[in-house]
Every structure is written in structure tokens, then in C-alpha cells.
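Chain lettering (A, B and C) follows the sequence in which the chains are written, and residue indices restart at 1 in each chain.
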Amino acid sequence: MSRIGVFICHCGENIGGTVDCARVAEATRAVPGVVHSVDYKYMCSDPGQSMIKAAIAEHRLTGVVVAACSPRMHEPTFRNAVAEAGLNPYLCEMANLREHCSWVHEKGEPTTAKAIDLVRVMVEKVKRNQPLQPIQVPVTKRALVLGGGIAGIQAALDIANAGHPVVLVEKSPSIGGHMSQLSETFPTLDCSQCILTPRMVEAARHPNITLMTYAELESLSGFIGNFQATIRRKARQVDEKLCTGCGLCTTKCPNKKIPDAFNEGLSTRGAIYVPFPQAVPNKPVIDKLNCTFYKTGKCKLCEKLCPTGAIRFDQQDELVTLDVGAIVLATGFKLMGTDQFPEYGYGQYKDVIDGMQFERLASASGPTAGAMKRPSDGKPPETVVFVSCSGSRDRSKGVPYCSKICCMYTAKHAMLYKHKQHGGKAYVFYMDIRSCGKDYDEFVRRAIEEDDVAYIRGRVSRIYEQDGQLVVMGADTLQGGRPMVIKADMVVLATAVQSQEGSEALAQKLHVSYDPYHFFAEAHPKLKPVETNTAGIYLAGTCQAPRDIPETVAQASGAAAKVAALFAKSELTREPQVAVVNRQPPPVFSRCVGCFLCQSACAYQAIEQEQIKARDGSVIKTVARVNPGLCQGCGTCVATCRTKAIDIQGFSNEQIFAEIMTL
Amino acid sequence: MRIGYFPGCSLLGSSREFDESVRALAGAIGLELVTVPDWNCCGASSAHVLDHKLSLALPARILAQAEAAGLDEVLAPCAACFNRLSSARAELDADPALRTEIAGILELPYQGRVRVVNVLEVLDRCQAELQARMVAPFQRKVACYYGCLLVRPPRVVAFDRPEDPQSMDRLLALAGAQPLDWNHKTECCGAAFSVTRTDLVARMSGRIVAGAAKAGAEAIVVACPMCHSNLDLRRSASNALTGADHQLPVLFITQALGLAMGLDPAALGLQRHLVPAGPVLSGAPALAPQPAARTRP
Amino acid sequence: MTEPFEPKITAFVCNWCTYAGADLTGTSRIKYQSNVRVLRLPCTGRIDFMLLAKAFARGADGIIISGCHPNDCHYTSGNYHARRRWMIYRNLMDFMGIDTGRITFSWVSAAEGAKWAELVNEVTTGIRAMGPYTEYKQLADAGVE
């Protein structure tokens, strides 16, 4: 016998201004099974919730419908309130009168009629709700951090310091990421590697952190608190236990013509290499694509020379499976290449470089030991033009967003250039100057006022090479669009920050949402900036959106805090809206005929086979059984079942048919 | 093979040699040119500067006439005509209401079915026919000058790369020439300022000629009558302004290819140029050696 | 005087994408026609197509089914099952004489508030033009107990 209470919220004017709530309450009173139907200004407020609790006691309600905003907003709020009054929280449902009704329709009769319909649908559903108990699952207190740049390192350190084991996986041979390539960082002009390498070493030595470099995520299964991650540890062709990091092999490798990715193609390296001198771990890797032995079968000089015999040409990739409870995504970004600019030479001009290439030129440990030298002929550039917003804020290049860091690093680059080349002339072509952080605008003013960098507001339409120089054609819009032609020795393009290679594929492996630019999507842009819509997977750094180092570090710590909070409980409470296979008294035992179509439909391998046995041990029939710890409650099995033997609690066939019948 | 043909005003006037060379080449490769009946001026720069609907109606009338004559495609050798016809077609394609309005103004049916092509696109398709008839390879270093209207706006003309196009270069390579990589392929020549601001044309075209000479070109090859006019007709003005004495001849692509196919220079209209083309005709000695040119690897 | 026909549209949507997308439509205050009634399901994979027949039996003139875009299903593959099922059921329904033109299958993500409004308006206008689905209308006035 149903005794349903209906509570209709005005939500101030949000619902009340468009829907006639009093009339909805009145119409609902007439529905069989409803014993109490009221309307009120703010149901989610304290007095509103107290009203519900009081009504449950007074009217001995067996079910509650709150007709208000979206259940995605306040279902937990009202379920908590109902639980406090002693009623099972799963006997409370919400009808969406705001996002799906008052906010999208005009005031009038049809809108109120719709509101009445929506409430009646939920009343019929709730009459058929079963009381459910939450399911407890254990939490694996180990974190997986994907990406070993500053974001990943910071998150790993924070989680490790909170007392939990962390596995840090990095796809290149060393941790450090893009920050290790920078020469100096704004706004302090701190040497980037000087502030980064202590963190790198700390991460390597921390007892709670396991470093897996030259490794990638192969596959992931499971759910929050209970993930199984398979990591592919690519073969370095070097036995890390025997290798002492002496570096002899790297100096002796005869094949030295391979473009060095760490130096952004400005220098070359050997086939056996350590990416940079401060690499962590300081163990070399053989580049199999370019190694002479792998291509022709000859050489193996490194193996002959190695004093500890650490080279292993027969080493294979290793697959490692880990149980983890939470994952932090910190896979970083990539820069748009200069070849994306036909108007600037299709990337052919050696002296038209991008921001990261400039960092390598300026770096004391770079290919020119920090001296300003043109990539084409090694001569010092007397005139350098910096072009901001190359590719960013440009729909025709497919990047309508702002890359955030370029205004700051362009000012930094111009200053570094002037510090090294006192007599040189620096020009910056800009659209706007976005210097919004602490001490940031002062930094840009320094470039203009102290270092005499000429800032020209305008864009560059064309760059071409002539007589060993680059002819830069731009305009000065603060002087009426006056055309400017500058003959430069070097041009630095502040190219757009884009999502890391392989982001889409990684997101699909993890079931994490991503935006059209393949940056990973946060669960809510304002209130949940470090979580994703996939429970247990968190975000840190530029894999989510372009940002600078201070913000990346802050966000990484934020993600770590979420992980620590998750690990603070020994058990995780799961929603009980899972599937259940029908069981009946003998002789039928179950409507299930044992076809196991449901098992193949389940994406989570949550359905097992169960044998129903007689007292003597003989098998009567084999039926399906749902593992409530794994079931995610999607209901695909329910729709697949031919005999309607499996159903989902909370979205059962009976409930949905009742909802349809109401309309 | 047959194709609709829209010569436009320049080809019957100051750039008669373009028309002559197109017809001569078409005849040589067996391409029948069917002139659009009762064609009118496309409106050129004047119409789209004065009145939007006029700038659509004039090209639309040409296309409507072509449609009525049962033609699927129209070749417009003049780059400006090509650009105006393509732009009008694209705009009417995107706006059915406007299309109906313009058809009403014309009092002619307009379905928008006729495709507009330029001379490079057509020659590109006939590579086999051209190849088969190469008897006197045009062994010169050439700077291919595309100008603005053949390759821009990229979404409307949908032809070749807007920066550093390659179609003309490919055709000349086929004809035995050595197309050069140079910096002014798509720089503006001054266009219709030829009469009103000859000084601007002298400066801008002068830059282009100087750039070609610097790259080591023995000839500049064009596919647009306006470009030809500014680079050739206004040469004395640009030379006077810069103090240089560039004698680089400017040839139409159809003339260069025609020469390679052994056609009579007179039939190609080469005598009409102001800067003599003599030095690049086969058999004539090459121009004085130029500094080493930068070529595309 | 008869009232102009207003179609009844029943929408079966998934909780994670389309329901959230429809919430976004509300938050963005984008208006659309009010004929639609949304039924929330965990996933489009939950949709047994007998539910559609039931909806028509109860007087729906048009039906919308909408979920996450392929590859983005919150439950990995639920929407693939839905899509495959739809292919088969559509043939079956055609064969049985059900007007499958009245059923719209769509993908609306949680970020596509505007698309949801557009979809609802398009379907409502289309069904209004098709008229009431009288073959199936029952004159049931009894309750559901």
C-alpha cells in the first residue's frame, strides 16, 4: 500500500515564476497512492528539508518525490535528508521541473501541464522502488600517475608524502618533461633545471614512489578504488641493475646523426643515448629505429665497450599489471610546429624557430651552451623578431583558444636575448599582452622599459628568406596600420599549445571525456577542476588546458589531495543500483535460461555463471549471476535478456513501463 | 574533349595574346572550346566595389547562359573572371533565397550546376596530351608568378596551395623548364591601380620583377592578364622607379607550353609583348648568367 | 472548435550524456517546445525496444532516443548495443507496419545543450506535421495500478 509524499519546490522564481506550483500540488493530490502533496519556496534549504522529514514521520510515508531541480544537482541532498528521517534513501526520487521544464519553456498552461506529467511519472516510479543498501568495496591504496613532467612529479610527491605508494609512469627515458627543456622561468628568471632537478631526484629516491620510465599505459580496467592497469615497460636494451651511468656508450656510438628531440632538432645525438645530462634515471636507451645494429645487423660497439656488460640487445618489452585505486593524468602538452605556417615558410627556414627551440638555444646546457647563434650559420643574430599568437586565437589554424603562456615567455625570450646580445634589436609583434599572474605585468614592463624591447601591436602576414636574412612583413595597428618590413636574422614564433600526441587514444582507454582539441575534460569547469567525469581519475597540468608552472604545481597538489581523501577511507561505498538475476522458488528456480547473452553484453565482466544445485550436488541449471562489486548499473544486460530474467534495481522494467504508462 | 569557354573582356582587348595562345594550345591538344553564347562582362573590380547584387548578377548571367547551352564547365582564363565567377557561384550556392532573387533579376533560370575552372586546372588534366607533344623543351629557368586571384580565397577557389602554389611549376617542369623557388609567387602586383596609381604598380611590380631576377629567372610565367599587364606593360615605369634595367620577358603559361610544343610564336601572340620575348625563344642564346638560384629539392 | 493538434513526444535518454546535456540546455535558458517528456535511464543500452512499442501504445506520437556519442559511452559500449539493436528493431518495426519515421535516434553529449533544444524542436515540428499517430492511440483512461 503506497503512501507517497510529493514536495514541489518553487526554487524562488526559477520554477515558481513559470510553473503554477500550487496547481501541480493540487493535481498530484488526486493521484492514487499520494497521501501528501505540498509546494514550498526552497526545498533544499534547512526548513524545506525539515518539512520533508516531518512529513515522513507524520504521514508514515513509504516514498518521497521532490519536484525541483535536476537530480544531478540535489539527489544526494534529498536522499540524505530522507535517510535522516529513517526512510531508505532509495525511496526518494526527483522530478526535474527546472532544467527540463521551467527554464526551457514559456509560462503558460502547457508548461504547467508538463510539470504535472513529470511529477506523475516519478510518483509511479517511486511506488515501485525497492529499499536498497549501499555496497561496500575495498579501496586499493596505491596511486598511478601517468606522466613524469612537473605535474606528475608534484602529484606523486604529494601522494607519497601522504603515506601512500605511487607508481609514476613516463613514456620518455627520463622524467622532467618540458620543464627540463626550459632555460629560465618567468617571472623570476630562475634556472628551470635548477628548481626541477631536486624534485626529480626526490621523486626517484622516495621510498613510496616507484618510477617506471620508458613505459606507457597499455590498458586499464576496473573502477574507482579498484583499477587494474597494465603498463608496458619498453625495452631500453640496457640492464638497469648493471648500468652505472658512466656514459661511455653514448660518447662512442658511431651513429651520431640522429636529430636530438630534447634539443628540438637543433643538434644530433647517437643511437644509444641519455636524453639530457641530468636525466633521472641516468641510464641510456637504444633508439631501435635508428640504431645501426637493428637496421643492418652490424656494430654492437656499445656492448663491446660497456665496462659492466649492461647492454642487452635481446631485451624484450615487459608487461606489468598493477592494482591501483586512483589515477592522476599528467601527460602534458605539445607545441604546434613551425611547419604549420605556410605564410612563414612551411618550417623550411632554419632561422624561423619556435619557442622551445629558443629555450634550447638560450639554455646553458643546450646546443650552443647558451650563446645566441643562428641555427643556419651559427652567427649571432643582430635583429630578432618575436611573433606572439602564432596559431593561437586563429580559427583558420584550428586553434581558437589562447595558449596563455606565450605573452609571458615571449617577454622572457626577448629579455634573455637582450641580456646575451646587448647591442641586438628585439621586436615583438603582439595582439594583446596577457600577463595576469603575480609579478607578471611588472615582468613585461621590464622587458619594454629596461631591456628596450620594441613591442609592436600588429600581426605578421609573411616571412621569407632573402640574402641570408628573413624579411618580416607586419603592420603597426597603433599607427594606423602602417606596414612594417623588418629584416631579421632570426624569428621566434610563439606557436600554439596543443594537446599531447595520443591524447585521444589515451582518453578512450581510460573512458575520460575530452574536448574538441583533445584536452581532457574536467567534471565541472568551476567546482571540479581536478576531477574527470570518470570516478577515480584526476587531472593535473597542461593535459587539461594550457597553463604555466605555478598553476600546474597547484593543480597537481589539488589532484593529490583528492587521491589522499579517497585513500583515507578503507572502504568505498558504491551506489546499489545494480543488476540482479531473477530467482524464484523451485521448480523454476530462475527465469534465466542460461544463454549468457548478458555476459557478452557486459562491458565490465560483472556477470558470472552460477550453478544451481540440488541437495545431492547434481546441477539443476546454470544461470547468470551479477557481481554487485563490478556492476556499474548501465542496464545493457537487461535490454539484451530474452526472458526478462535480469533487471536493474532503480531502473527496473516495471518502473519504466509504469513511467511510460503515466504519460 | 570539349569545355565551355568564357574569354572575358581583357582577352579580347589588351591581353589578346592570352586568348590566341589558349586557342592555339587547345587546338593542338584537341580540346574544343565552346564559347558561352551572348556572354557579358563579369563585372571585374568595378561591380563588387559598387553594388553587391550587381556583382552577383553579372557572373550569374554568364553561368546561366552556359547552363542553358548545356555546358557542364566553363574555362575562364582571366584570373579575375575566374575569381568573380567562382565567388558568385559559391555565394549563390550557400543562399537559396538570394539565388532565387538573382534569377529573378536576370529573368533567366539559374541552377548553379556549371563548374568554373581556370587555365591551370584544365592544363593539369591534359598532362598526358601535353606530354605527348613536347618537341622543343622550354629549357629555361622560370619564375612562376600566380598573383592573388588564382589561389585565394582558399575556400572559394579550392585550388592549389594559397602560399607557395605548385600547379604552374609542375606544368613548366613537364615542358622541360626549371621552375625556381622564389619569394614573390603570390605577392600583389598592384592590380587595378595600373591606371589610377601607376606609381604603386611600378613599386609593387618592380619588387616582383626584381625578386624573380634575383632568384635567377630567365622568364616570368603568369596565368593572369592583369599580372601580365603590370609586369610587362608597366616595365618601363618600374625600371624607372628602381633605376634597374630588368629585361625579363613575361610569358603566359599557354605561350610557354605552346613554344615547348613547337607552335609558331606568332600564333601564340608573342609579338604583342612590350618586353621582348625573343631572348627565350628556342635557339636564341640564354640571357647573361645569373647568380646561383635556390631550387626546391 | 477542435484544438490544434499538439503531439506527445516521449524521450528515452541516458543519464550521463543526454540528460546532462538537457540540463545544460536548462542552465543556458535555451527555450524549446514543451511537448517532450524525458524519461531518464542509466544508459541507452538499457533500452529494450519493447519500451517504444509501449510508448506508442500509450499515445506517444513521436519518440526520441538519445545517448552518448559512439566511443564516449560512460559504460564503454552501452550505446553500441543500443545502436545495433536499433538497426534490427527498425527493420522489424517497418515489417510490422510501425511508422519508424516517428522515431528519432540521436547522440547528444553533456556539452551539447543547444543541440538538444534543436533536436527537440525539429522532432516536435516534424511530428506535428505528420499528425497524430492514431493507429496506436488507446483511449485508456484507467490508471496504472
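Worth a mention:
Methods note: a residue touches a chain if its C-beta (ideal position, glycine included) is under 8 Å from a C-beta of that chain, and two chains touch if they have at least 3 such contacts.
Because the structure is predicted, anything quoted here is derived from the model rather than measured.
Arrangement of the chains shown, judged by which pairs touch: a linear chain-to-chain path with two open ends. Comparing chain pairs A-B and A-C by the number of C-beta pairs in contact, the larger count belongs to A-C.
Measuring from the averaged C-alpha position of subunit B to that of subunit C gives a distance of 56 Å. Work out the mean CA point of subunit A and of subunit B, and you get 52 Å between them. Centroid to centroid, with C-alpha atoms defining each point, subunit A and subunit C lie 32 Å apart.
Residues 32-33, 70-73, 96, 98-101, 103-106, 110-111, 114, 117-118, 121, 124, 508, 511, 513, 515, 533, 577, 601, 603-604, 632-636, 638-640, 648, 651, 653, 656-663 of subunit A are the ones that touch subunit C when the two sit in their complex.
Those residues of subunit C lying in contact with subunit A across their complex are 6, 8, 10, 15-16, 19-20, 22-27, 29-35, 37-43, 45-49, 51, 54-55, 58-60, 71-72, 74-78, 81-82, 85, 110-111, 117, 143-145. Per the touch definition, subunit B reaches subunit A in the complex via residues 161-164, 183, 211, 214.
Subunit A meets subunit B in the complex at residues 342-343, 346, 464-466, 471.
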